[in-house]
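Lettered A, B, C and D in written order, each chain numbered from 1.
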Amino acid sequence: MKKLINDPADVVADALRGMDAAHPELQVDHENRVVFRADAPVRGKVGIVSGGGAGHEPMHGGFVGLGMLDAACAGEVFTSPVPDQMVAATQGVDGGAGVLHVVKNYTGDVINFEMAAELVAAESGTEVVTVVTDDDVAVQDSTYTAGRRGVGVTVLLEKLAGAAAEEGRPLAEVAEVARRVNGQGRSMGMALTSCTVPAAGRPTFDLPEGEMEIGVGIHGEPGRRRVPLAPAREVAEMLVEPVLADLDLTGGDGVIAFVNGLGGTPLIELYVVYAEVRAVLEKAGVGVARSLVGSYMTSLDMAGCSVTLLRADEELLRLWDAPVRTPGLRWGV
Amino acid sequence: MKKLINDPADVVADALRGMDAAHPELQVDHENRVVFRADAPVRGKVGIVSGGGAGHEPMHGGFVGLGMLDAACAGEVFTSPVPDQMVAATQGVDGGAGVLHVVKNYTGDVINFEMAAELVAAESGTEVVTVVTDDDVAVQDSTYTAGRRGVGVTVLLEKLAGAAAEEGRPLAEVAEVARRVNGQGRSMGMALTSCTVPAAGRPTFDLPEGEMEIGVGIHGEPGRRRVPLAPAREVAEMLVEPVLADLDLTGGDGVIAFVNGLGGTPLIELYVVYAEVRAVLEKAGVGVARSLVGSYMTSLDMAGCSVTLLRADEELLRLWDAPVRTPGLRWGV
Amino acid sequence: MSAVGTEQAAAWVQAFAERVAEQRDHLTELDSAIGDADHGTNLDRGMTAALAGLQATPPADAAALLKAVAMTMISKVGGTSGPLYGTFFLRMSTALGDGRPAEVAAAFRAGVDGVVARGKAEPGDKTMVDALLPAAEALTDAVGAGEPLDAALRSAAEAAARGRDAVTASVARKGRASYLGERSAGHVDPGAASAVLLVESAAALAGG
Amino acid sequence: MSAVGTEQAAAWVQAFAERVAEQRDHLTELDSAIGDADHGTNLDRGMTAALAGLQATPPADAAALLKAVAMTMISKVGGTSGPLYGTFFLRMSTALGDGRPAEVAAAFRAGVDGVVARGKAEPGDKTMVDALLPAAEALTDAVGAGEPLDAALRSAAEAAARGRDAVTASVARKGRASYLGERSAGHVDPGAASAVLLVESAAALAGG
């Protein structure tokens, strides 16, 4: 294993120290491993809390700031944070207008956030609404399974719901925006290599030179199928087509198109993929209203990418263009 | 070789198409492979042109925009662009106040920019001043060699000189800022893995599991020495100490500290390194005025990082905080 | 062994922690194949913290001990297995009573019911429940038939192992393994494997 | 061969392009060891474009031909070798005169001087200059001694190869290889290797 780390057991604590040092505009509670907006709680504003296992940087801590999250809880690598962290985060961002929990649909995340919400309800009057993201079309959605994973849409949702909260809208409306984003967005990912979990010390799976995995998530889980390596042009088709098959995205206000790098893939390759994604969308008659290309939700050092498409509407575009000032996403301010 | 690309010969053209599609605020001249600010030339403002081989994304094209570059020329991967591109860029950004060429100190870059400047001088009245960056302390600086490489300082210089130009300052002053930044900044890099040049198809060098290279540049050149893998704590020392030995950075207004990822290293590791860099600086009595942590100047898919320290002063801090709006760096606007 | 007191509970927790430490890399390897390569690390971190907690604040009785372990699992582990094992120990602690065999069986069953209530897994979904439920049933049956606790725990451990093995061929329908669809078939479920260690730790103590 | 006309120049360029194509991966491999793994790709891209340009717009004479190659190298290759080889061909084209042996030797020398003026490398810095300079000297000497051009070019090719080999053991002082310090010693310089191909291409034609 080759990583720029100290003891694998300290990776999350060490990274939080670095993040704290790099971003004076954030407050880091190292004891609870919660990253807060420096001005939290913002009086009268709905607080937005997210979190999850570490290893997806800049998500979620890097999305804390004006127009996005109020707090993010960091778990161990690929391991949901614990209820205590979420309680601390929720209490710390409660400005009197209630708190939205943004939870990616993984059993661990769902259970821990659920327990946290129960604890908050038992201990305080803070109103908590939870929205779960489950946008990954690689996974069959069925009531008899854990359902689809929450992936790329989470980044877009945190931006859009964050903008709605920043406008001063009430919890129910902010949650409605969040649910709409999740309902209108779908993703699909692929990997060229496995990632290596620091504590495990070696790649989660083997992926020979000429092969790639289609339908991976962001935790180094193997994908749905293994296929021969293909040019970016075909990779774009393999990712975009299942998304288009799952959700009608033609017409209307077009889509917000998001090509995400999984941590080990450089930006030059993401731009190559994005060019091909645009070509596939054009052929399918899907217009693109906004673009996001970069490594915003990683899977440690995995080489690969995901594509997320979100059906845009006038309101979502306005919220997308609204100011955001976080380490990971920043514009309009 | 596992990359998200089509034909290796098309990588740069394909990536420029993706970049163009992702950033409507840029104008891309695909024929000349020049990325322009959409509003170039800006009347009365010094134009700033940079460029170099591709493979370092977001540098340089991702630094085109308000408060930074007016144009960037993209060469083939790791190959300096040609004079014709630089001439087109220079003419396209000439707003009547002259043009600054920012050139990293590599023989190819220097020669091609030199020829471009000669052509511009022969063909037009545009005043061109060239500033060459050479901040890499891994390389011995001697008049009998090619001198030090230009690395991380280039990013900081493009930001700071860009801010000076945006203030409407004359070419001589903008060039003076640029030279000062180069003079006050030093860098050192290391690699955990080699990169793979697409056209070459395999890693430029072999680096066994338990070893790393210290003193690498950003073109997949092997470094100065190979040492056993070490924890981030020691890596930070190996990078910071030679920088401190080369330039007195204690006292004054502190430094702008920049931890850069080389393309294959995820942000979580860069934060771990940054925490350790801060610890080394603290021990050395060097204060940190501003921080930048991320993959801003990559070496394709190389895993590794570099550290750049720039002695700050009041003016540089003001220029650092000035608005910048580019795909790669963005704040204050 | 006629009743489970503080000493027995402590020995069980200690034995489980040891088995987990010893099998940590194996559990993580199982989780690499069909999950995210952290199950061994997660459990080991939790049980190490639990032992440290017990050392620092010795609990008054077996129920308090199990509750302390539960709270550590819930507040130190995270992921799926942290709150589920935490819930197991928590529910068990409140139902343990005097620790007589029938109470132990009922408490174990309560713990398993807690896991099911929290995780909503059904038998055959290929989770820890597939080891825990048969163990609970075997324990209840054996104790109900008047077998001594030692023997009953051994039956429970065997039932847990059979339950784990029975779903190895199946396609997972809960947890991360479910994302793999058909590819999850043929792999041992990591949580089922750790649950077997839990029951075996009890059986080994009882037998020794 | 008594003089270099359009045909000879075309054949030389063609032969060089072929050698470069054939040795492309080898040149890139040499550049992997002490550079950035693109020398073969760079030259091959340039010479392929140069041939295509000659085909599209057949030049009037040998000088025009060399100038066309020069312009392609300068405007299509980039890096260090693009402008240096471009400068070589450009300077050579302006000094070629009627292509008689003495003029060819002088033109070659002018080309090499152009490379030195542009790149500022000195003999022994471990660059293409270490193959080109000895070749220029050998050519001038042989032609001056009245040898026929064929034989003179063969001497030049041998001198180039000796020059390349002579600096293999040295530490590079120019170009990317210089960043490696001592580690550059023992490796063949890629530009010196390609310069040998250039001179050998001429010698082979002359000889055949």
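Just so we're on the same page, a residue touches a chain if its C-beta (ideal position, glycine included) is under 8 Å from a C-beta of that chain, and two chains touch if they have at least 3 such contacts.
Predicted model, so just to flag it, every value in this text is computed and none were measured.
The fewest steps needed to get from chain C to chain D, moving only between touching chains, is 3. Put simply, the chain farthest from chain B by mean CA position is C.
One inter-chain figure worth recording: chain B and chain D are separated by 32 Å, centre to centre, where each centre is the mean of the chain's CA atoms. We define each chain's centre as the mean of its Cα atoms; on that basis chain A and chain D are separated by 54 Å. Chain-to-chain contact here is organised linearly: an open path runs through the chains from one end to the other.
Under the touch rule stated earlier, the contacting chain pairs are A-B, A-C, B-D.
Contact residues of chain D toward chain B in the complex are 28, 32-38, 41-42, 45, 74-84, 118-119, 173-176, 178-181, 183.
For chain A in complex with chain C, the touching residues are 53, 75-84, 106-108, 111-112, 115, 138-140, 144-146, 149, 197, 199-200, 204-205, 217, 219-222, 224. The residues of chain B lying in touch with chain A in their complex are 2-7, 11, 14-19, 21-23, 54-55, 57-58, 62, 192-193, 209, 212, 229, 231-233, 235, 263-276, 278, 288, 291-293, 295, 298, 300-301, 303-305, 325, 330-333.
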